[in-house]
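Structure first, then comments.
Labels A, B, C and D are assigned to the chains in the order they are written; within every chain, residues are numbered from 1.
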Amino acid sequence: MINGERTIERPLRWGMIGGGRTGQVGYKHRTGALRDGTYQLIAGAFDLDAERGRDFGTKLGVADDRCYATYQDLIAGEAGREDGVEVVSIATPNFTHFEITKACLEAGLHVICEKPLFFTVAECDEVAALAASKGLIVGVTYGFTGHPLVHQMAAMVAKGMLGEIRIVDMAYTHGFNSGDDDSADAVKWRTNPKTAGPTFVLGDIGTHLYYLSEVVLPHLKVAKLLCDRTAFIPSRAPLEDHATVLMHYDNGARGRLWVSSVDAGNMGSQRYRFVGSKASVAWSDTHPDQLVYQVQGEPERILHHGMPYLEDESLACDRMGALHTEGLGDSWANIYLWIAEAIDAAERDDEAFLKNHHYPGIAAGTEGVRWLETCVRSADAGSAWVDFE
Amino acid sequence: MINGERTIERPLRWGMIGGGRTGQVGYKHRTGALRDGTYQLIAGAFDLDAERGRDFGTKLGVADDRCYATYQDLIAGEAGREDGVEVVSIATPNFTHFEITKACLEAGLHVICEKPLFFTVAECDEVAALAASKGLIVGVTYGFTGHPLVHQMAAMVAKGMLGEIRIVDMAYTHGFNSGDDDSADAVKWRTNPKTAGPTFVLGDIGTHLYYLSEVVLPHLKVAKLLCDRTAFIPSRAPLEDHATVLMHYDNGARGRLWVSSVDAGNMGSQRYRFVGSKASVAWSDTHPDQLVYQVQGEPERILHHGMPYLEDESLACDRMGALHTEGLGDSWANIYLWIAEAIDAAERDDEAFLKNHHYPGIAAGTEGVRWLETCVRSADAGSAWVDFE
Amino acid sequence: MINGERTIERPLRWGMIGGGRTGQVGYKHRTGALRDGTYQLIAGAFDLDAERGRDFGTKLGVADDRCYATYQDLIAGEAGREDGVEVVSIATPNFTHFEITKACLEAGLHVICEKPLFFTVAECDEVAALAASKGLIVGVTYGFTGHPLVHQMAAMVAKGMLGEIRIVDMAYTHGFNSGDDDSADAVKWRTNPKTAGPTFVLGDIGTHLYYLSEVVLPHLKVAKLLCDRTAFIPSRAPLEDHATVLMHYDNGARGRLWVSSVDAGNMGSQRYRFVGSKASVAWSDTHPDQLVYQVQGEPERILHHGMPYLEDESLACDRMGALHTEGLGDSWANIYLWIAEAIDAAERDDEAFLKNHHYPGIAAGTEGVRWLETCVRSADAGSAWVDFE
Amino acid sequence: MINGERTIERPLRWGMIGGGRTGQVGYKHRTGALRDGTYQLIAGAFDLDAERGRDFGTKLGVADDRCYATYQDLIAGEAGREDGVEVVSIATPNFTHFEITKACLEAGLHVICEKPLFFTVAECDEVAALAASKGLIVGVTYGFTGHPLVHQMAAMVAKGMLGEIRIVDMAYTHGFNSGDDDSADAVKWRTNPKTAGPTFVLGDIGTHLYYLSEVVLPHLKVAKLLCDRTAFIPSRAPLEDHATVLMHYDNGARGRLWVSSVDAGNMGSQRYRFVGSKASVAWSDTHPDQLVYQVQGEPERILHHGMPYLEDESLACDRMGALHTEGLGDSWANIYLWIAEAIDAAERDDEAFLKNHHYPGIAAGTEGVRWLETCVRSADAGSAWVDFE
């Protein structure tokens, strides 16, 4: 049970790049970071529009002179200060992640970056090496994996309650791009390979599915996959607004994954089903407080967050307690907390802690990019099976 | 609204082959056929065990001397009578369908046969020709397509309420074969290619999905497909207990279909989602009285069977009226009624009626087998894309 | 598992009074009675409009000369025949039930009558005495209590799985009378005390709730109750379109019951919740195939009809088997079957069978009327508490 | 859309009384208050156990010397400081609310107090007068009414989308006190009239229902009510663990409300249904992001939070945006924000703002206590109807 008690010595001095007034994801970062007193927002380059960014930042309580016009200014301006930022979150369009991350790391700052992390695995590897050499943390905001019942699923799988895993079924679909008007700010860059990278929906929403499956099934590895992607709105090609991925895991399990932004009217968001030889679990981020657990031949069970019958791993990250709903903000708060703990440990050179500490870091970010690269490789080969390397 | 009033002149004289006391599907035939006074059960070869079949038949009210030991006896015995059967339902394991159907047609009987109809398209074509030459009907008991809301979906698609169809998502999964004990009567023959034919779950449950999609989307044709099948219980190979099929339709739509009998604990049965450029509909046979209709950008709508706002095609086949649940038996009753009307028209040589009358007949049965053949072809080619011919 | 095998020697010769082409409930009687070959429909006085009734009856397969103009004609006409009807169902407006039932019993016919049975307990007692003296059965079509999961609840309560019963919560509400147009045939008589009796929604739908609670909780007796009723459409007064009833049971349990036909837009129909000191069960006729079972401190459980883990009492009356939906027609089929078995036993003077055989009979019909009388007594006393005698 | 931008000049200096490490509700206060940078937690008397309170407070980031042993110490200690607290939240057992509130107000502090506010209306009036005389705000943490869809319902009612209100149906039930062990800290004081006040579940959870109905239906007033309460665990008497309240509103509408802590296994928490002459809305805090809207004769509609089709009042307080879940913490954040805005206006003597500003204040707290007093009056009169004055 998380109660707001600080698990690290003092709040981290935190800055944001992007996530401005009109940005979609910025509030999620702030509501996540500011929950437990582990981060203090003291600087930002919030917006491409510097004036709007400054106005916004001051409304967030950031001092006027620490609302910077560009991320370069932020790095430079904070570098000179005793009380300068230690960690920076990057909530800007995909194509800027690599450049900004490198610059921050080089300036000695820890980084919390949005997904999809970068465009290529090569970029990931370069950044991983850089971060390692500097002793800095790179966190990735796979924001849905802080929900306590995700960790319940992982614990149940680990205990063998499902038996041998056979089937992985995942979907993240919505219909907000059913029409062909891509002129909105947050859509324009997503549908252009220059700014979005090699994928649209696979990277935009599919990486959430893939990472969550890694959290629940850490021992399973994809052996080969097939990706069938298409753009129902032709102007989006070569990027896709709809894709299906089939996966064969190394233990013989089969996976299927569906992502779409033209699934007209769907408000169901993410759906996960993990099937084992004995039982299954099913979870959706839409109703994150409940988990369906089905043992073949027994009544279906619905587990509720915060209840004493849950595994310790789940109760440990519960915030509201049974009967009281948790939302996406609570999940992000956990992610930010875990990253803060990693940063704190890195600062203390506490290798032992870091070894056993779970948070979405550079490895998880890299795996996501590797999966995207493989999907594109398959799609480009005519939606053919390709090995996952 | 169906009220029990007979739409044909008199009840058809009906016999059953298979569907005995221990058979899984027999009661569905009887509850469907006997609902509206359109069929009278007067003869049967219900069981491989002749004695049990006779005992069972008499308990159903069939005269002792018309409970036959074999289907050959039934055909012979009834042939000699003024009041002999006119139509026979076949509810036996798959491998017997072809032989029994041919024998019945040759004896001048209409046939209502279980799915999957036969093992090969060649067999289907042969039977189609035979039936046509004799002026006889072959109905196929795709028993889920009698539900009124299936016809609501079809009418909505036809009226363009969904826009251009883009995505077809279907699944029929359960977990009753999660374990490896295949010794039960109804499982043994299903997991053996000699008795089941070229597929297990694809034919056993997948054909229901495929046929229902044809009812809802008659204008869409599969252009190519890819089938990935596996047997999690190795003794079932080369047959599959789990399969995923990806489909490309001729209009560019994408389909995915999942069938499994090792989806441990799943009681959700069938799920359908048809997505268009404007809106989607979603339906499950588990809650057949409600239909989810989602127009992008508008509140989700849930439509209930029997309500005046539905399309005429749906209200026409409603039986219980709004607020009162319909079950699978009501759906079967519609299927049997529609087949009776076809038989009646065939007897009256009413070509005009038959032209516009919708029921699952030999063409639908053949398409199901063609789809299975194509799935196997793809699977055998290493789960590769193959054209649908 | 019910398989269609006849549990009585031969089909009963059956007639219907009311339930004509435009009647709301007639099809439910026929679909229930004709399911298992236990009834044969051979006569009827289906309609106030004799001509329409005759036309309708012949379309149901009844011989022209046995489609009578009035129930008196039916009784007279059938009396003279060797093969005359033995049992008659009454599906006419409430005010006719008493007169028709008496006439049929006096003519030596078993009766299956709609609810609410009569207007007064005194009438019920008179009919009960008459039926007893003649050795005839009076069944009452509380058609929702044939669902297998209703009997699952009863069995669970009986086994003590819920602990001591504390709370009974029931509702049957819809909004079909939200507007003030009461001109439709089936509404006009319902909103007039001359034809409906002392209540509208309490009798029309409330009696279903009350009877089902008796089936599940046979050992609980209402000690006192309070009824608060109102007519939101004033022209319906003194009858009610909305009522709440509070009940104190003799064991200290508390009940509340809500009926309304002005619950605008509600398609949820009936909801039941039975709470004990250890656990609760909840069921709705809208999704009759599933039962929610909640043990305090454990995950919620959802039980599905037809599954082997259910109690014998539930499996015994299952028709479709697990995964395949049952509807209201299946429930009615069970009710009709149980009444047929009672009639058969009465004909055989099998007192022992009748003693242990459960079906909704004259006692259940009488209890319903007693409950209505008590509700009206409370309402008339200013919605005050009154003893249930 | 709330984005974290401060709507008041600077964060309020905030202290907490109660809500310590073991307290149930403390985290909800902190997660609500600390979300938008409108409060800064700088002092506290968190716990009856002073040492544990101090340890806890410092872990929350409060300076050691501002973690006080008692609320009296807090008032005294902060009074002396330039930077002393301006507003204090009271999250202690009910019996302490009155005394602590008065002391804080007398010390010139704004107060945010838990519900049920006090034991009697007389106490409420006394405090209201005191607060008014000092120009101070008293907020009450009816924490569920910050959910955006609550305000959607209110806006729909106000626009007449439901027609004239007829029926109010509310329930808040759980089963956590099904057993008879009341020894847990947070249960012990709740089941004792000395510490809980005149009610247990009516005050503990029923006041949430009643206040939310006031938010949605501000124009409806209760004219009379009847309360039937009982203690299934006898040691809880005279307090109740289960109660039903019937209400007649001044416009003729009927209400019913159910509260229970012995509803074994129920995880559904709160359910609301508001029925009008044309349509209904239904909402549960368990799935706060969706609202069922049912127009009689039309398909049911499900509205999702954050969607553009919602009313402005709802979108104005949305935090996460469509598809992303909000939880109880987001609702509390809104409540705390609105109270902060009231305090800020009070500090600025901005009467005009306060006149139109909606937040749960002393009037709402008083109404809740008045409702409880009336319920007890009814119950004590033998569950009789009493006027609501």
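Criterion: a contact is a pair of C-beta atoms (placed from the backbone, for glycine too) under 8 Å apart; a residue touches a chain by one contact, two chains touch by 3 or more.
Computed from a predicted model, the values in this text were never measured in an experiment.
Shared contact partners of subunit A and subunit C are B, D. Put simply, the C-alpha centre of subunit A and that of subunit D have 34 angstrom between them.
Centre-to-centre separation of subunit C and subunit D, using mean CA positions: 44 Å.
Looking at subunit C, one finds that residues 267, 293, 298, 300, 302, 304 touch two or more other chains.
In terms of inter-chain touching, the protein chains here all touch one another pairwise. If you check the complex, the residues on subunit C that touch subunit B are 2-6, 11, 21, 24, 26-28, 30-31, 34-35, 37, 56, 59-61, 174, 267, 269, 285-289, 302, 304, 319-330.
Interface residues of subunit B facing subunit D in the complex, by the touch rule stated above, are 293, 297-304, 307-309.
Put simply, subunit A touches subunit B in their complex at residues 162-163, 166-167, 169, 175-176, 178-179, 226, 228, 230, 232, 242, 244, 246, 252, 254, 256, 258, 260, 262-267, 275-280, 293-298, 300, 382-385.
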